[in-house]
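There are two complexes below, and they share subunit A, which is joined by subunit B in the first and by subunit C in the second.
Take a look at the complex of A and B:
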């Protein structure tokens, strides 16, 4: 490895070294605040180092990693989301009994796995990243050991994720058998000119799609989502919905665009089928949910359904749209789960719709951010979600994906119904439920998220310009 | 810049009243009143300063918003939007005043929503960028949803959900249509833009034009509403607080009508002519069916809501008649309906405050108790049935004359609506103010505040009925502009479409003579005689 290689890997090194240092510190001195502060600083440093790295990219570390603007964008999104989740976790984790400092160590390892996915150029890194991410997530999901449904969710995720990893690995093996290389570039070279793909390669892609589909919670691999979202601590649900999904999306987009999957009839049908199924099933199952965490889980299924439309556009503009969509979706999801996390205590998780009855009249500020998040998920103007949906629709229509876009529109209306139900609840007459006191960090985080949703909704021009200027594959 | 100020002032007022609402109840009301008055004064000052000119747009301002997609902050004002804006601010002030005693909880947030809706409506009337238009179109939905859902009557939740889902679903269809238009224009010319002025005159195949127009129509016809898509309206109107009903009936419905005039006709000149027979039929169906339903109601507020369906039928009929007379009628009808139906809703609200029921069968003989209220009720019932001398008469008559030129049968059927209107309007007076006392109510007459509101509305409707010329003059250039677009296309490719023969014949013959002196003098004669007809009253 050269000096330049190391330079380019600074953000990764920071994310990798930080948990080790925390481990050392924890073995000497257990202090929640110190560990928390150190985590925040390290994440900030990692984010800052991206700008430090920028001048020396694009850069490829043969044969495993590729560092380009696209991956840096994703890396930035992932780190910011991890940072916001860390902010939200402060109060939530603080009140748990038993050891708590390890939570931040695992946040780091999972973030490391996620960031690896953003730069992977080889099946090995792909798999390594996904496994690092998954194994950390098992622990995070089951972090509230005293709660039975937290453990249940952890085990569910453990078993299903292992199975899906097996599928992914088997798919990679099949492709390796057919082509003899695991580097993305070689795979493309071997595939060009073979338009019906050989059976081996096709089954390989199919198996990989199962693995990736599981991680993104796409129908029909979505069964784990509601249970895990419900059982996991609220900040961890936010982490799964943002960091984990975003990273997998990053590699999926890169891989799909490199192999030009959109030109392949077989993959085209598979992806559009999955997309339509995810939208409809996700939204329809959410309609009658009474538990907000489950509801958000189903809504995330639908949202991933919207997002993979982008895969079929086959243009850089599509990728740009997907990045904007992800940014908007991340803020929105963190806002929604953040409010749940802030209102939950160790004894009582605020997850039923009734728990939010009349929230607006008791805690106007967080209820407002919650409303904004829900409106953003529904894609109503003034929020980031609207511009994001508009961007996806625009690129989808440009690529002529009329059926998919029409399904997306229909689903937006279905989705509206259950988001409205929550909003109505927020504004109805308050109930007698006692609410916990809100901390300053929580309020600030929520404020950041709320303002970001508004800014991206009202004045998104600068971000879109930025993305269009720099991001391409 | 004045156009941006108008919206910014409203938004600032909205946030201010929300913040100040935490202190006490009086501040939000005063702030709202002041912001709306500033806007009204600004726009009136502007009217007084402006010299009449032949420019298409009195003010036109364009700033970049999202340049990557060709989206700009393009606001412009012409006569039509001017008239609608004055109506908006005037009724905005009224709605603040009538809520003075009615709304007592969460006052700050109420006025926040009220001003936000008005800002959205103002934006809709001013936008000349389709994306911006959609943005404002949706912006007025959410606060309206809250207005119905928080301060409404018993079934408010269901009503507000219904309202939101109907309008949002149809709005999304329009959104798809807007994006399609963007691509059709972009592919044809190479410049991708949402700018209205550039999208005007986009060449497209008849079938494409029809599909895209359908998306726009969906949004506008649901808002208007047209019969069969009107389901949300009675619920929303009935359950909303008085100010909400007033804004819904007087302003929100008008955005649909405005959309037809501003977008459907100029953007799809030939497709809209093709659609005209169906459009006129929908209009007539609305007039008659709405009137029938209105007659059948026992809930007074619901009754008034259905009269809206009937009155807006005239607007649809007029829009699809494609001639100047009808369009002038449409403008007058929009304003007059806003004032008269708004006044009726206010009346219902005042009654409800006093006797806590809207059931017609429990009312009766209230004239003795509240003669002033009775008189006001009588005036606006008369306006609703189209009595000469009041605004609605001018609007409906002009529309009927215009429609007669386009389609005699439809016009005749529509005029039956006037009889139906007489029946239901008289029924209001009969059931509420005259007749037997079904229940002995204890109630007092209008207070000074209510008298002022009612008086200003009476003056407005009388002014519109006796001297409609200022409104007609203001809107005339905008109407001619809309019709000219129509004319160019109709002449460019005559015979290329399958249209109701009679319609195209009449449209063309009318348009050919439109610019001659004779035709103009006929028209002005027509209007003058209308005015002289009213003057004895």
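Take a look at the complex of A and C:
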């Protein structure tokens, strides 16, 4: 390891050292506020250090990591979403009984796992990153030990994620058997010129798709999503929907593009099939949901279905569209789950649609942000979600993926039904449910998210320019 | 090489299927140990003796013995009867037969060591250590963080709440 390696790894070092520091502090003095403040500062420092690292990239640390602008962009998105989730967690976790400081340690380890996926250039880091992420997620999901819902969700995720990791690992092993290297560059070199891929490589890719599909909750590997989203604490659901999925998407896009999977007939059919199935099943299953957390879970399945269309475009423009989509989706999801987290107390989780009845008349501000998030998920103009969907459709059309784009448009219409159903509920006559007092941090976070959704929806040009100027693979 | 590999592989598959389908926990665990031993024989035949040894020591040795101990502890009042039940020949005869097959397989393989590994050099602990602490150092560090997350989670999920009241006062 050279000095430059260390310099480039600064954000990772900060994220890795912070949990150790918290552990040391906690062993002497358990103070929730101190730990929380330290976590926020460390995440901010990690985000700041990205700019400090930028001059010395692109840089590869042979053979494991690749640090380029693409990975730095994803790293930034991941850290920002982790930061927003931490903000939202403050009140939610504070009211739990028992020890709570561990929550922030685990947030850091999972963020580390996620950010490693953004820079992985080798199956070893790929797998270690995914495992670090999922082991941390089991703990976060089951964090409220006293609730049977939580424990159930944790165990479900534990078992299914282990099975999917086994698939992923077996797929990697098959590719290693066929090619003899686990570095992405070597794999690409070994694959070029072999148009019909050998059976070993094809089954390897198939098995890896199972593992990755599970993490992204794509149909037919989506079964865990509604239960886990419902059972996990609301900020953790936001974390799964944003950080975990974004990171896996980062590595999927990188890997798929460098092996040129879109040119391969077999992979093309698999990905488009998964995409269409995810859109339709996610949206149709969401139609009759009465529980908002489950509904958002199904909607995330559909959203990931839209996003993997990008894999098939096979151009840098497609990657840029996917990054914009992810940023918009992150803010939107954090907004929606943030509102749920703010309205929930230790005794009562505000997750039924009736709980939001007449919210606008009692808490106009968060009801507005919730409306914005839902509109953005539905893809209504003036919100970030519209621009993101538009961008994906544009790039998809350029690549000639007509069937996929048409099913995306049909599904956007189906999706409107259930998003608008919640919105009408927000503005109907209020019920007698007592709402908890809102905290200042929660309000500020929600405000940031709401403003970001609006800004990206009204004036997205600067971000798109930024992405186009810097990001390519 | 081929014959030895297939024998070990068949043992591994049979014992894994038995481990999954068994109704008795101890029985399944015995088969699971057997399956791990068979896999370690396969590793040995692939000229990776170090991994084979690790497989035996860590999985078949430490982890599985721990499992069996815990399972035995759970039935603590009924040792006599359960012990009798476990010691029936039908319980142990198939696993031991399979284990014997593995042993014979390994001994024969050791005898023919020249013919089974003609061109490959065995990977020894030294090489594994060197590559872990040079090329893959970052991976080792990440694995450490991974284990840390696991330990903290086990601590959090497994910790018991301290009882404030005396247990006699806690009728309802």
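Keep in mind that, in the parts below, the second predicted complex is superposed on the first by the 473 of 473 C-alpha atoms of A that agree within 3 Å, B and C clash if a C-alpha of one lies under 4 Å from a C-alpha of the other, contacts with A are read in each partner's own complex, and residues count from 1 in each chain.
By our rule, a residue touches a chain if its C-beta (ideal position, glycine included) is under 8 Å from a C-beta of that chain, and two chains touch if they have at least 3 such contacts.
In this text, all values refer to a predicted model and were calculated from it rather than measured experimentally.
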Partners on subunit A (subunit B, subunit C) - clash or fit: fit
Superposed arrangement, angle subtended at the Cα centre of subunit A by subunit B and subunit C, nearest 10 degrees: 150
Subunit B versus subunit C as contact partner of A:365, first or second or both or neither: neither
First (subunit B), second (subunit C), both or neither touched by A:348: neither
First, second, both or neither for A:102, with subunit B first and subunit C second: second
A:381 touches, of subunit B and subunit C: first, second, both or neither? first
First (subunit B), second (subunit C), both or neither touched by A:64: second
Partner chain in contact with A:51 - subunit B first, subunit C second, else both or neither: neither
Which of subunit B and subunit C A:6 touches, first, second, both or neither: neither
Touched partner set for A:125, first subunit B, second subunit C, both or neither: second
Closest approach of subunit C to subunit B (Cα atoms, Å): 40
Residue numbers on subunit A that touch subunit B, as the complex places them: 361, 375, 380-382, 386-387, 390, 393-394, 397-398, 405-406, 409, 412-413, 416-417, 420-421, 424, 427-428, 459-461, 464-465, 468
Interfacial residue positions of subunit C with respect to subunit A in the complex: 135-139, 141-143, 145-146, 148-150, 152-153, 155-157, 159, 161
Residues of subunit A that touch subunit C when the two form their complex: 1, 16, 19-20, 23, 61, 63-65, 98-99, 102, 105-106, 109-110, 112-113, 116, 124-125, 128-129, 131-132, 135-136, 138-139, 142-143, 145, 154
Interface residues, subunit B side, partner subunit A - complex: 64-69, 106, 134-135, 138-139, 141-142, 145-146, 149-150, 157, 160-161, 164-165, 168-169, 172-173, 175-176, 179-180, 182-183
